[in-house]
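Following this line, the structures themselves.
Next come two complexes, and both contain subunit A; in the first it sits with subunit B, in the second with subunit C.
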Partner chain A sequence: MVNQKSRWKTTLVIVGMLAPALIVALGIVIYPIINTVIKSFQDEATGAFTLANYTYLFTNKLSRAHIWYTIWVTFLTMILAIVISYLLALYLRFSESKAAKVISSLYLLPRFIPVLVAVYALKMIIGDSGLINRLSLLLPEGSPLYDFKPGLLYNAKGIIIANLWFNIPFATMIISAALSGISSSIVESARDVGAGKLRIFFKMILPLSISDVMIAATFVFMSNVSSFTTPYLIGANHPMMLGVYLRKQFSSRNYELAAAVSVLIFLFSSISAIVYIYTNLKEKEWEKD
Partner chain B sequence: MANAKLEIIDMTKLYNNGDGVKNINITVEKGELLTLLGPSGCGKTTILRAIGGFNDIQGGDIRIDGNSIIALPPEKRPTAMVFQSYNLWPHMTVYDNMEFGLKLRKVPKAERKARISEMLEMVKMPGVEKKYPGQMSGGQQQRIAIARSLLLRPEVLLLDEPFSALDAKIRQQMREELRKIQTDLNITVVFVTHDQEEAMALSDRVIVMNKGSIEQCGSPAEIYDRPVSRYVADFIGEMNFLQIKGKTLAVRPEYVKVAPGKGGDLDGYVRTVMMLGHYVEMTMDTDYGIVKTFISEDESRAYHKGDPVAMTFSKQFEY
Partner chain C sequence: MKKTLSMALALLLALCCIGFASAEEKQTVTVWTSGSQNVQDLFTALADAYNAQPDAKYTATIQFILSGTGDESLSSRIAAAYQTGQTNTDFDLLADNTSSFQTYVDEAGSEDLFIAYDPEKIPGLDNVTVTPVIMPDKLVPYRCTTVVFAYDSERIPADELPHTWDELTDWIAAHPGRFAYNEPDTGGAGSSFVLSAIYRFIEDESAKTSNDPKWVDESAAGFEWLVNLHPNLYATGGKVLYPNKNQGTLDLLINKEVDIIPAWADQILTNVANGTLPETTSMYQLDDAPLTGSDVSFGIPSIGSNPDGAQDFISFVISPEGQKICLENMKAIPVISSDLIESDEKDLVSQLGNYNFISIGTLWADYLYPIWMEEILPL
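Let's turn to the complex of A and B:
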């Protein structure tokens, strides 16, 4: 009995200590979310319930183009970032060369450069009158590469290049951590029984690191589906990423439509959050007791 | 040599930092269990990894059945290696672990199954096919690791301190089992350890290594009874070292006979009498250092701290 009573007290103390955090979370996270969701179902003039904002979002030709554009730019960024990061992480893990050592201490550097600075720097290099173009002007006039214009800005290519710049270091870091957890004797004993490089990758390294790769992928997806700065600075006017579209609706005072766009972005993020939580929670069969 | 299974001829392998082994010559006969013994950093693992193909060598040759294997990568060598730990692939069941190498060798499915269950019988672990490595103890995992290597019928089995992560009791049991399997199958084994007791218990022949070179090679009895250098004498078993007139006299504790009083080869006084189970360890202060001996419990009753002791040496070495 005494024991039960004290347990009650402990519970009360725990709830009491968690309460401030919970209240803050409710106030600055949950409340705005609910508010936004409600607003997205309201009529602009009367405030009555309506599906018009979503209907517009999914039927209007322009906004549909924005949605598709966002999806494919994000997916392409994610796939490219993960493939490149995986290859880089493999190289860093298994190469003993000096270059690998240097790269492994430098690869996180892009992460430390503010987005705005990096995007402007990129503009100065790949812009149509940027560094690459200037260099090409040094060539003799008339040669095929004279006055070469990369044509990478104000379209999807520029956005993806900038996205990769930010996401490869991050994904490489996560995948590298996973690969360093794979002991060398696992790889060596596989070689010992006769497995070649490809087989070792597909039978040993990939299954042992896939869940971390998935986690890296969801993070890349989440941070890019709602990105704003990069597409705002070097994206096209049409089609545009949803983040830019959201801002445009917001500044045109279409608050209800803007709310609907935020809900949509939120849903995209949630999907990857679900993938993330699922991969994290799923107990691997070989880790069960 | 007619029966030589594995020959290492004048092999050199140096690392960038200058460590490594130089001019190593070793011959292992078919069905022999040879142990490379030495403290960490003596180069024993370097030699083993060179045989397995995980270290490139700078000079010399390694031959199995007379054929050089140094140009072959590990996956092409007729050797199998068992590492200190993390041998098994954690994401595969025991069965998949064992089947992996057989599949690579394109062994038909029915035969794979038969060979795996036969091998599990042999290591006394039938019925664990569906378990994952994480669900087994360290000893069981190493047993499966050895079974997995044996399954591929290697010409030479290489064991890199396979039992050092296990606790003492299981280690002893594993030693016995390894020795039994090795003699039953008549396989050639190169075993690396820093544990001299393990080396003595297991091996047909022991190679004692020191700082990248071979100090002594011989049967466990030879090495124990006739250590060629002070280093070997010190490393194998227990030894008393006495500095007498510029020479080092070495006597094993079991060759020190004691009697109360004075007038032996060497006289001293009792320092400690320690009961160690079925025997008593006694140490004595002498003019040339501390001498240790083993006596029975009955005998020990005659000695107390400070009593004079006369020692005679039934066998001694000089360095």
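Let's turn to the complex of A and C:
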């Protein structure tokens, strides 16, 4: 009886301590989400229930273009970021060279540069009248690269380049942590019994790190599907990423349509969240055995 | 000792009271406006000069909303305050393009949103040479602004310069990639170009100051012209680009990526003055239909709480002193005769009075821009 009472007390204390965080979460996260979902089903003029906002989103040729554009830019960013990061992490983990040491202490640097600064720096370098173009103007007139215009800004290429700049360090960090958990001794013992490099990679390293790779991938996906600053500054006006489209609808006071776009972005993020949770759960199961 | 101290404290208290009383005497007049950064700079300078007058009766404060960051909502906020019957707000004075005042009235649903000014309370009104096309008894123009075609006279020889819209069409076709206009929703230079292109095909002059949706039907010829123009506009990475904001096309001209752009005259002059554009940059209008410009006016919302202060501020801005600030700070076209202004810079703007006035209220946002966005942007 006494025991039960004190347990009840403990529970109360825990709930009491969690309450402020819970209230804040309810107020600034949960409530706006519910509000947005409701708004996305409302008619602009009457507030009555309607599917018109979603119908518009999926049938209008402009917004459909924006959705496809967002999906393929995000996927391409994710795939490129993960492949490059994986290779980089492998190099950093297994190379003893000096270069690897230097890179391993420098690769996180882009994370510490504010997005705006980095994007403007990128503009100055790869813009059609940027550094690359200015350097090409030093070549003799008439040579094939004279007045070379990279043509990388205001289209998907620029967005993807900027996204890679931000995401490679992050993904490399996560994958490096996973790779450092693989002890050198098992790699060496596999090598001792004659396993080739590729075999070691596919039979040992990849299976042991795949769940962290998936986690890195979901994070890259989530942060890019809703990105705003980069596509706003160096993206085209058409098609545009959903984050920019959302802002445009919002500033044109199409709040209901903006809400529907928000819900769509939220759904895209949820898919990657599900992948993340699923990967985590699988890991837990594996630990149980 | 104690007595001296209490005396001193009492004296201090009395001084404080006087001090507060004199501070209280000066009522605030809140001026609302929106636009690019140069508008904010101008109004900061105007308010500083106004407040620095030794005999200033009011204290002016500026509420500025940067365009593209919710300036659409300024008209909504004022309309909301008006429609909910508020009467004592701090919307004391509003400054915006005369053509935009139609939007405020449209949203509020009544011209009573603005009160008629009292000529007695605005000395110097007789000097103003510009009469607003709409609500002339309620709006007081304080500067003019216009979009022009800007080019570098060093790069385009005088005999190649297009002087009519047809010549411009030919020039753009002959020089693919050397002309750009900005995404019209992101800056007035682009929308001025699009509007001018559309309305030059509409013969009825009254269309230019009408918000009647029937005119949308007549916009087809203009849009067709814009569609045909599209393939020869500035392109990067193999795709035609409509740059964001007025600054976007200005940057292209500055970086010599294009040769002619529609741009705000004051922004060109400011860039020439600070050296980002060369001295050889010239501005001009096409002969058959100039690009749009507008007088920029003050209107006194009926829901404000200080109409006297508002009129006092207006009379300061239209005074030779205020006009000099507008001219020198923003390269604005004055609304009073330049003979009254003492400034070395008045010749800069003397040729810019010729512009097209198009005021169509919400017709742009509700009909014409969506057509542009659906028909031209995805090309």
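In this section, the second predicted complex is superposed on the first by the 284 of 289 C-alpha atoms of A that agree within 3 Å, B and C clash if a C-alpha of one lies under 4 Å from a C-alpha of the other, contacts with A are read in each partner's own complex, and residues count from 1 in each chain.
Rule of thumb we're sticking to: contacts are C-beta pairs under 8 Å (C-beta built on N, C-alpha and C of every residue); 3 or more make two chains touch, one makes a residue touch a chain.
Quick caveat, the model's predicted, so the values are computed rather than measured.
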Discussion item. In the superposed model built on subunit A, check whether subunit B and subunit C fit or clash.
Written reply: fit
Practice prompt. Look at A:P144 in the shared chain and tell me whether it touches subunit B only, subunit C only, both, or neither; answer first, second, both or neither.
Written response: neither
Worksheet, complete the sentence: After superposition on A, vertex subunit A (C-alpha centre) with arms to subunit B and subunit C, in degrees to the nearest 10, comes to 150
Worksheet item: Which of the two partners, first being subunit B and second being subunit C, lies in contact with A:S189: first, second, both, or neither?
Response: first
Worksheet item: A:P207 contacts which: subunit B (first), subunit C (second), both, neither?
Response: first
Worksheet item: In the superposed arrangement, does A:K61 touch subunit B (first), subunit C (second), both or neither?
Response: second
Response to the item:
Smallest inter-chain Cα gap (subunit B/subunit C, superposed on A) in whole Å equals 48
Worksheet item: What does subunit A use to touch subunit C in their complex?
Response: 61-62, 65, 128-129, 149, 151-155, 157, 236-239, 251-253
Worksheet item: Inside the complex, what are the residues of subunit C that reach subunit A?
Response: 68-70, 72-73, 76, 183, 185, 236-239, 241-244, 255-257, 365, 373-374, 377-378
Worksheet item: Considering the complex alone, what residue numbers of subunit A touch subunit B?
Response: 183, 185-186, 188-196, 199, 203-204, 207-208, 284-289
Worksheet item: Which part of subunit B faces subunit A closely enough to touch in the complex?
Response: 52-54, 73-76, 79-81, 83-93, 100-101, 104-105, 132-135, 145, 148-149, 152
